[in-house]
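Following this line, the structures themselves.
In the two assemblies presented below, subunit A is common to both, partnered first by subunit B and then by subunit C.
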Partner chain A sequence: MLRRTLCLLLLGLLAFPSVTFAADPTPEELLKRYDHVMSPRTFDGLMIMVAHRQDDTTRTYKFRALKSQDDKIRTWFFEPASAKGQEMLRVGDNMWVYMPNLKRALRLASRESFQGGDFNNADVLRVNYVADYNAKLIPSGDDKLWLLDLSAKTKEAAYDRIKLWLYKDKQQPAKAEYYAASGKLLRSAVFEDVKNFHGHERPAKITMRNELASKRFSEMTMLDLKLDMDVPAQKFVLDDLGR
Partner chain B sequence: MRNVSHRNALKRREGGFLVTLPCCLFWAALCFLLPQRAWAQDSLDEIDGTKKQETGKKISAEANGYADNRFQYAYINPTRTLFPTKDQPSLQEILEGNIQLKVSIGQKAFVYADVSLIYQNGWLYYDRDANGDRVKIDDHDVPTLRPFVVPSELYVSVTPKPWLNFLVGKKRVIWGPGFAFNPTDLINPPKDPTDPNFQRAGQWIARIELPFEKFTFTTLFAPQVLYQQSGIPFAMMKYPDYSLSDGTKPPDDSYHYLLAARLYLLLFNTDINLFYFFSNKYNDSFENASRFGGSFSRYFFTDYELHLEALFQFGSGRMFPNHACANGGFCIPQKAFTSSKISDGNLYPRVLVGGRTQFRDESLLSLEYYYQGDGYSDVEFEDFLKLLHRAQAAGLTSLLQPAGGSSGAVPQRFTFDPLRRHYLILSYSKPKIRDDFTIGATLIAGLTDLSGTISPSVSWNALEWLTLSLFGFVPIRGIPVGTVKVNDVNYSEYSLLPMDFRILFEARAFY
Partner chain C sequence: MRLLFLALRNLTRNKRRTLLTAFAVLFGTMAIVLLHGFVNGFVQNNIEAIVLSKLGAVQVFRKGYLGSDDPLKKHMPHDSSLMEKIKQTPFVTEVAPRISFDGMVSNGSESTMFVATAIDPEREYVVCPERKKRVSPGSKPLAPHQTGKALFGKTMAESLKAGIGTTLVLQAAGPHASTNAIDVEVAGFLPILNVAESKRLVTTQLDFAQELLRMKGQVTEYVVGVSDLTKIHVVASHLRTALGQEFQVTTWEELDPATRARVTSLDYIFVFIAGVLFLLVATGIVNTMMMSVYERVREIGTMLAVGVRRWQVTVLFLLEAMSLGLLSSIVGASLGYLFVSYLGQRGIAMRPPGGDVIYTYPHLHVSFLFVVVGFATIGAIVSALYPAYKASRLSPTDALRAT
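On to the complex of A and B.
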């Protein structure tokens, strides 16, 4: 009887190895997973950002983002009318914004605010945490979540430190806190509404709260997303902006 | 430095009746195109699907633009300037309807138009009386204040290969990184440093561009527009052999054009441009002249943008005062002010160096220093003032105003056309003073005589589609350092402005 029970137990353990014996992924694996979920190597996405302001009014921006390789991304703004025609381009550590009124592009810093909302430019144009941050896995205090402690390894990284929580089951991001070098909490984000976009699962909505201005927050919603686009390299050239 | 309304009226030659038809076409096109706005789609398939359907027809169109109203009051003070003020209105209204229309023809070509219809009028004029005192004069016709059309851009772009682009038409092409001013921009109408967003007009060009991943090579040919009507040129590059119906004779039989080549490189996270220009009487007196330039722009220490833009030329196309004329010798007006250094062989660099940063509170600071090698020396500036004074006494001031500026452009609040050698341009803006309010100020300081202008502003994005702005414009007459005394009056460069202050209210509605 005992032998039979032990055999069944052994079979059961063999049948569910991941539940019983799987080690936690390394911080680097989790970071790679985050980059893949939030910013696949190549994608074409349509997004809306709603910025909620101090006076309870909102501003809505609709834009298309096209990414190629790990470090090239270009956006086109459709809304509001005052921003229509604006474009942004990131190539490596370089960012530019094309202003239709100026009829030219200007260089941007990665930490500048993205369209005056609560995301900064790097939050949208530079999601490459593997390249930008060192990660440590620390206790999250919640069995369902991993907690990564990220510290910037380049000056171009958007933040000096990030705390990033990921769900263990689907390995999707849950929330994040973004800190200045002084340790001051600048922003916090909540990742919600995981959707399947043409076979790619990711949170469709990110709510970024400005912790320095209590009533301000911005919501970024992914309306559509396609992966594995074939885009000519010239789409990511400064002189192509405005065309 | 020169106020915009001093522009050569001959080149514009618009007539009110000519605006009627374009105006109707504009509003008709607007009504037709508005329902086709691209931002109604909520998925990439819808956007691309729409495109595919339209690709079947080979043609699709998008339109946007704005309606803008500017109303300004300037305290015109003829007693403080040597320039004439009789055509400078104290009250001015400028109403602008703008449409930006992009018609895609298949995947590789498009036609783009950025056209403004401008109605303007002015009232309340002042001049000097016989005693030199400020006196109101009757409202009168001022050619530069008539309604007109500005096709700021109107071109066809064809990209047969990703690495090859052809463009023909009117386009604003700016290569240098200067924020308030671009010394290497020999092509376009100058921008307004107090509002770099304001001037949208370009020039007529034919351009070939070869963009690659790390570099771009561009070459362009720009024939000068010599005569135009309602923003449409009817004489380019060479004056017609005959006189115009108003009696204007062709001033020369030369070809007026500019050729430019530019190499752009993205190296070490730095934008680098190298320029070569060859021109013949294109917006200045240079004949068969070569000019060289370069620029770079890069972020340092994450948040600090630094840029440099430089143009090098042998000789100067500027108009210089004739010393003998200025100091009482016999003088015919045509010889009083000439391009006397055009072929002196000296190198006259024009260099702008500056930086820009955004602080944590999202305020933006930009600081630029501009050196103009062929700016007036103290003696030349004094001669310039003396000539102005002599001309004013003889009623010939208009002959002494520097020629230049460009027609077919939006009427500007302020044009930076520096006379001296050293300038500082400082601008600061802070958004979200109260969510939708942005305050800002631009200081343009002539460092030789410490005169300048300061332009404070407040903008309110009242709605997503509506911006209300209030601009001030105050000349700083300068402290008595580096000023020049002519007829017992101390003058500095910016004390020549014909106003004591100006206030402008602007409402702009986007669609």
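On to the complex of A and C.
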């Protein structure tokens, strides 16, 4: 009898935490949430990237990004003078950069660095984690944070593995670590300064550190962001670059 | 025989003039021999720098690899039966698999771009024997059966403050999108032959690259060693038919037309300079022989008057020119050969701006000496044809009356 009550008690104790877990979002929901916060389905944003280089100089890029559907995005560069007139286009797995002096578009690889900074092209042009990664929730060791363990599910994913922390309260990203297949930490990102852009909340600033070259880091700041506008399909055709 | 003896004696009559002409021939042939030795040395340097240390004689790629946007996607199997098939081709000595790739190398705080060639040292050193020697003083070439090591361009290593034994991280992406990064140990340095290259070049082992790029069992290139470099086109066309449409076969000349042009233009320059020297010497001989014909008008008249045949007069002058050309060109060619052998032993040091010393070793094949002596002798005879003909056509009565 006593043994039975003890068993029930133990079962009850085991069952109790699982009840609280049931209220948690699933990893897939969190991932979807991240995609929605960082890269809504359709948006028109104005951004600034400051790349801190290893010789202690910086370079500032100002650009507009226009996204339509999940896999079409186009950017226009305004600053610095050397990048003025450049445009980038991503459609599906393909990326191009239009060089105004060549009057021609060159192919880009998603792993290549975005304008020589510490983000790669995929970090900016290919934020679709639901499509590229499998997610698992793992203990974060912090009551305020969820920790997602993402592993690449397509060969086109930019990283082999990502650890992504999100704040539990607002479900906003907090930080991320990006790993190579060898298990080496390549980069880490910190998401800060959550702002409301016309009703859409997202971190306005991302700092990306190059973990293999600690002198290098880049800061991406969102100046303005509009959502859900009408975007003509014509903007996402290779022939439209430079017009 | 008597004529030859007479011809030799005639040469000693005006010693100063004979010596002057002999010196002209001697210096001419010596200069040509020396120049040929130098040209050979430079050509050898170019071939060693390009063919025997980098490109290899003949290369096999997957069709579309050259000029591809993403060449790593155009890989082919690292397959011993395929290598064996290539090796069966006549003149082929060995087949070496390679992967060429690029990425970033970092020391923890800084990073820079690199361009790497991953090799299988055992096979590579047969195909490109010079690669084994192309390391900085104090460094050793990559050894077979060890992994996780790489040779770095000296300029790059210095900018990353890396010494031998330092661990750096190579970061690169394979045929797929994601980047990989693995630790690598600096095994040594590549010499500075060219500052721009030295900032970027890395040589590492094939299995390391296959792991980094996640290209297990794949390579991007087979380099084919050819025993006789003049046979590269034969080997290439043989391989084209043997391997079929899936592969692209090239020779080093196609991959590096600049070096090929440099090598052929050296040959043209040599022929041009040799031609100019030859003409100068020949003019000297014509002049000498003409002089000696005019000087000896009365003598020729006497010879003809006492019954010497006209052809004998012609032959006499031709023999004089021949002995002059033969003897002095033999001396000139031998001196030139001695010089070339000496410099070939010692080497001529040259230091490209900012680079390590490169030695040029002039050398030549002995058969070239016979060619030069032959040319000089025949040239001397040909130059003497006109003066000899003039001498034989003299009328004995006029000649005797001449003053």
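Operating definition for what follows: the second predicted complex is superposed on the first by the 221 of 243 C-alpha atoms of A that agree within 3 Å, B and C clash if a C-alpha of one lies under 4 Å from a C-alpha of the other, contacts with A are read in each partner's own complex, and residues count from 1 in each chain.
The rule we apply is simple: a contact is a pair of C-beta atoms (placed from the backbone, for glycine too) under 8 Å apart; a residue touches a chain by one contact, two chains touch by 3 or more.
What you are looking at is a predicted structure, and each value in this text was computed from that prediction instead of being measured.
After superposition onto subunit A, the modelled positions of subunit B and subunit C overlap sterically. Residue contacts after overlaying the shared chain place A:54 against subunit B and subunit C alike.
In the superposition on chain A, A:214 makes contact with subunit C only, while subunit B stays out of contact range.
Of the two partner chains placed around the shared chain by superposition, subunit B is the only one that A:116 touches, whereas subunit C remains out of contact. When both complexes are overlaid on chain A, the residue A:182 reaches subunit C alone and has no touch with subunit B. By the touch criterion defined above, A:168 reaches neither subunit B nor subunit C. Legend: residue contacts after superposition of the two complexes on their common chain; A:107 is shown touching both subunit B and subunit C.
Once chain A of one complex is fitted onto chain A of the other, the partner contacts of A:152 are limited to subunit C, with no touch recorded for subunit B.
In the superposition on chain A, A:160 contacts subunit C only, with no contact to subunit B. Once the two complexes are laid over each other on the shared chain, residue contacts for A:44 go to subunit B alone; subunit C is not touched. After superposition on chain A, the stretch of subunit C whose C-alpha atoms clash with subunit B is 96-104, while the remaining options among 6-14, 24-32, 78-86 or 96-104 stay clear. Overlap of the subunit B and subunit C contact sets on subunit A: residues 54, 107, 109-111, 155-156.
Remark: subunit B residues 38-39, 41-45, 47, 64, 66, 100, 153, 157, 159, 162-163, 165, 171-172, 174, 177, 179, 196-198, 200, 202, 209, 211-213, 216, 218, 264, 266, 269, 271, 297-299, 301-303, 305, 357-358, 362, 431-432, 434-436, 461, 464-465, 467, 510-511 touch subunit A in the complex. Interface residues of subunit A facing subunit C in the complex, by the touch rule stated above, are 54, 107, 109-111, 120, 122, 152, 155-160, 180-182, 184, 186, 210, 212-216. Against subunit B, in their complex, subunit A makes its touches with residues 44-46, 53-55, 57, 59-60, 62, 64, 78-82, 84-85, 91-94, 99-104, 106-107, 109-113, 116, 155-156, 223-226, 232-240, 243.
Of all residues in subunit C, those touching subunit A in their complex are 69-70, 104, 106-111, 169, 171, 173, 176-183, 211-212, 214.
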